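Read the structure below first, then the notes.
A, B and C label the chains in the order they appear, each numbered from 1.
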Amino acid sequence: MKRFTLSMPVRYIINTVLIITLLLVGNQIMGSGILGRAQTAIIIQVGFFIILAVSLNMVTGYLGQLPLGHAGFMAVGAYAGALFWRAAVLPGMASVVGGLIVAGVAAAITGVIIGIPALRLRGDYLAIITLGFGEIIRVVLNNLDTITYGARGLRNIPRYSSFMLVYICVIVACGAIHMIMKSRHGRAILSIRENEIAAESCGINTTYYKVLTFAVSAFFAGVAGALFAGNIGILVPANFDFMTSINILMIVVLGGLGSMMGSVIAASVLTSLPLVLQPLNEYRMIIFSLMLIVVMIFKPSGLMGNYDFSMSRIIEKVVNRLRTGKTAGKLKSGK
Amino acid sequence: MSFALHLINGLQMGSIYALVALGYTMVYGIIKLLNFAHGDIIMVGGYIALFSLTLGRMPALLAALVTVAGCTLLAVIIEKLAYTPLRFAPRLSLLITAIGISILLQNLAQFFFTANDRGFPGHLLFPTGSVSIGGLSIAYTSIITVALSIASMAALHLLVKSTKLGKAMRAVSEDQGAAQLMGINVNHIITFTFAVGAALAGVGALLYSVRFPLIAPTIGAMLGLKAFVAAVFGGIGSIPGTMVGGYAIGLLEALVTAAGLSGWVDGVVFLLLIIVLMVRPTGLMGRPIMEKV
Amino acid sequence: MAKHDPRKPFVPQRDHDKSPVMECVGLGIDFGGLTAVDDFNITITPTEICGLIGPNGAGKTTVFNLLTKVYKPTRGKIYLDGKDTCGLNTMQANKAGLARTFQNIRLFKELTVLENVLVGLHNEMYYNVWGALFRVPAYWRTEKIAKERAREMLSIFDMEDMAEHKAGSLPYGSQRRLEIVRALATNPTVLLLDEPAAGMNPNETEELMENIKKINKTFKIAILLIEHDMNLVMNICEGIAVLNYGKIIAKGTPAEIQRSPQVIEAYLGTGGGGGDA
């Protein structure tokens, strides 16, 4: 018997319905007042950490490079978005969306500027050069007193980051990265991770795809930065130090390099766990860093490996199981 | 502050950077690992020195020896527990592990010693006071720092160039497989390299603590990063190159400070790194690495 | 089969005259002071199968690396279809019509067999990043054609059944075959095979020989191969070049090469059989 498979349009419909349902249910819960202020804050925070993680995963998991300056892109986006919102050049919703786009584009441009020199290098050198760029961004933000107010902090940022906005951004980020990865462009990115020389020999423009990956990753990090700014309302350069980059990297590594689902789960768990279990907070970083080391030694592919969740695949599996079950039953009764 | 004093400061910091950078260079040269935890070993060294002098009431020389021994022991333990199991893992895994160790050390220090600064009694370690040369008063600590680091580097140079062990180290960094076939115990040599790098870091910890007498869990991170920049600048894997790189970074910082731009020091150092990596990725004295196809 | 962009045909139409498809003139490279390849001259006509043989370390793979621009030549020229390839990089050399396999297999191990071939077909697909992002009709059309094409190409080696397996999980021989398919997918005019029969048993080698001939006929492309299996080389190559110490010491038909005293000397050494190996 032919295996049951869902056709592409049906898969897309299933996913869309799933996403909209989740979003509406989430919004109902958030609006109903069941959750306290602390829980609401956590859920919003989980949102932008998901965006940060899936965007870093694109470079680390899919492209196979290790940048250590992700917080730098986040910072560029945060300040760009915040300044745009404060200036209030557009009315209402247009300003909100415009700020996110400005944030993303500013970060993406930074990503390209950093990516072109950085991506000529490999491995550890790339790690250290991106780390250097991240630090430079922070130093610049600290010293551009007239625009960023330096260490005193950029205040009075409009608090636009509602649950709905953050989660729409999460879906857009995950969706866009998914669409790119499941295409010839995504395969080109993966082929660079697998074997760069072979990829070039197959006619893949490796430089283009590295810069593209960097730019897309930086774009969403910038959007996450703007959401971060719109959530807390005040920005200081110290928000975006090396430890922030490392935190995001931990999420990606623990979730599983190359697994978007892993990034999402790890971002949710690692961000919310210490806040939910307050007593754990003191040991938080000790536990995380130990986990990082232990995972690298015993399960370097991360907790989820490169498994990716697919509702359609689950439906297919269930249907196939049911159908084989039925035929088996028929055979039995026939006997 | 006069320009000459800035210069002396630069030399003093450069000596420290060079010592720390050598640890990076040696480990990188032998297993191609950017040992992120190296800076944090210095931080631990700072605490060991602090407690040996204050709680232990040890004499200066003993405290110094305890510090160097402590750093060496810590590095060997880390190498055995965390890096050895990953000897044949992808380099990305090894690098992430090193970052993990770095974070772990920082947070353990914070857990045990709190995040607060602790004053370091530099006067218990080195004599205070200064000499006057041509109208310039130079602190003893500056002179001792430069002299001690040059002596350490000379010792390292002798070790690598003129002893059997040094020859084995060079062989392993050249080709592990071939070295093994020649009867060299590669594991021992790698551990030994970590130990030597950490011993230098121990000396660096003493000098750094005297220079900046405030010990906190995060002091190693930035020091380590800048020392790594120094190593890359000079040519990672090359011992003389690394020394030159260390002094270059120290002097560069002094110059930027002298120009009245102290807020930009870190930015300039990293900018230099980026320029070097773009123009000459192998550093001043490094050798190009080619991938075999 | 659905229509696709006529500007980018999967199987190009070529005029099969006898003007050389690839020509090397005085090609050479030095590493430091060491000359690895020197004065390498070779002419390959379309649809020709050529062999490049020689003892270990003679510089055969270096020649491949020069042709595919992994190394930049110190001197000499490489012409593809009469055009100088000077200044191209590896990716552009591939687009200009050179595809290769590797001595030490370089597959995309974590990707499936089908995906490996699809990477080869990358430049045969024409939707851009925005097209992928918004799943434009060209995306669906191209992906469908490309997947059909990839399976078709896998069928040359009877590998369609393995399409969904991870490339790294394949047995050694299949990995070598997959590399050939991947290289073919990039639509080359010259296919460079670096020891395609290495590690294969006699039966597999026999089968490989048939397949190389088949590829040569159906795709109408020139093939240059490095191989130590003399049976394979002598049977399928029309012309053979022998390389020793980076220089061509003999060129000719299989029969000529077998009689050449220089070749016998290079392989067996001189000195009247003093060795006891």
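One rule holds in what follows: a contact is a pair of C-beta atoms (placed from the backbone, for glycine too) under 8 Å apart; a residue touches a chain by one contact, two chains touch by 3 or more.
Note that the structure is a prediction, hence the values are computed from the model and not measured.
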item: Far-end chain from subunit A, centres as C-alpha averages; value: C
item: Chain closest to the middle, measuring from C-alpha centroids that were averaged per chain; value: A
item: Centre distance in Å when subunit B and subunit C are each reduced to the mean of their C-alpha atoms; value: 48
item: Distance between chain centroids, defined by C-alpha means - subunit A, subunit C (Å); value: 40
item: Whole-Å gap separating subunit A and subunit B, where each centre is the average of the chain's CA atoms; value: 35
item: For subunit B, residues contacting two or more additional chains; value: 293
item: Multi-partner residues of subunit A (each touching 2 or more other chains); value: 197
item: For subunit C, residues that touch 2 or more chains besides their own; value: 70, 102
item: Subunit C to subunit A touching residues, read off their complex; value: 68, 70, 89-91, 94-95, 99-100, 102, 106-111, 115, 118-123, 125, 127, 129, 132-135, 139-140, 142-143, 146, 182-183, 185-186
item: Subunit C partner contacts - residues on subunit A that touch it in the complex; value: 8, 176, 179-180, 182-188, 190-191, 193-195, 197-206, 212, 306
item: Complex interface listing, subunit A residues touching subunit B; value: 64, 66, 68, 117, 120-121, 123-125, 127-129, 131-133, 135-136, 139-140, 142-143, 197, 242, 246, 249, 253, 257, 282-283, 285-286, 288-290, 292-293, 296-297, 300
item: Residue ranges of subunit B in contact with subunit A within the complex; value: 28, 32-34, 82, 85-86, 89-97, 99-101, 103-104, 106-108, 110-111, 221, 225, 228-229, 232, 263-264, 266-267, 270-271, 273-274, 277-278, 281, 291, 293
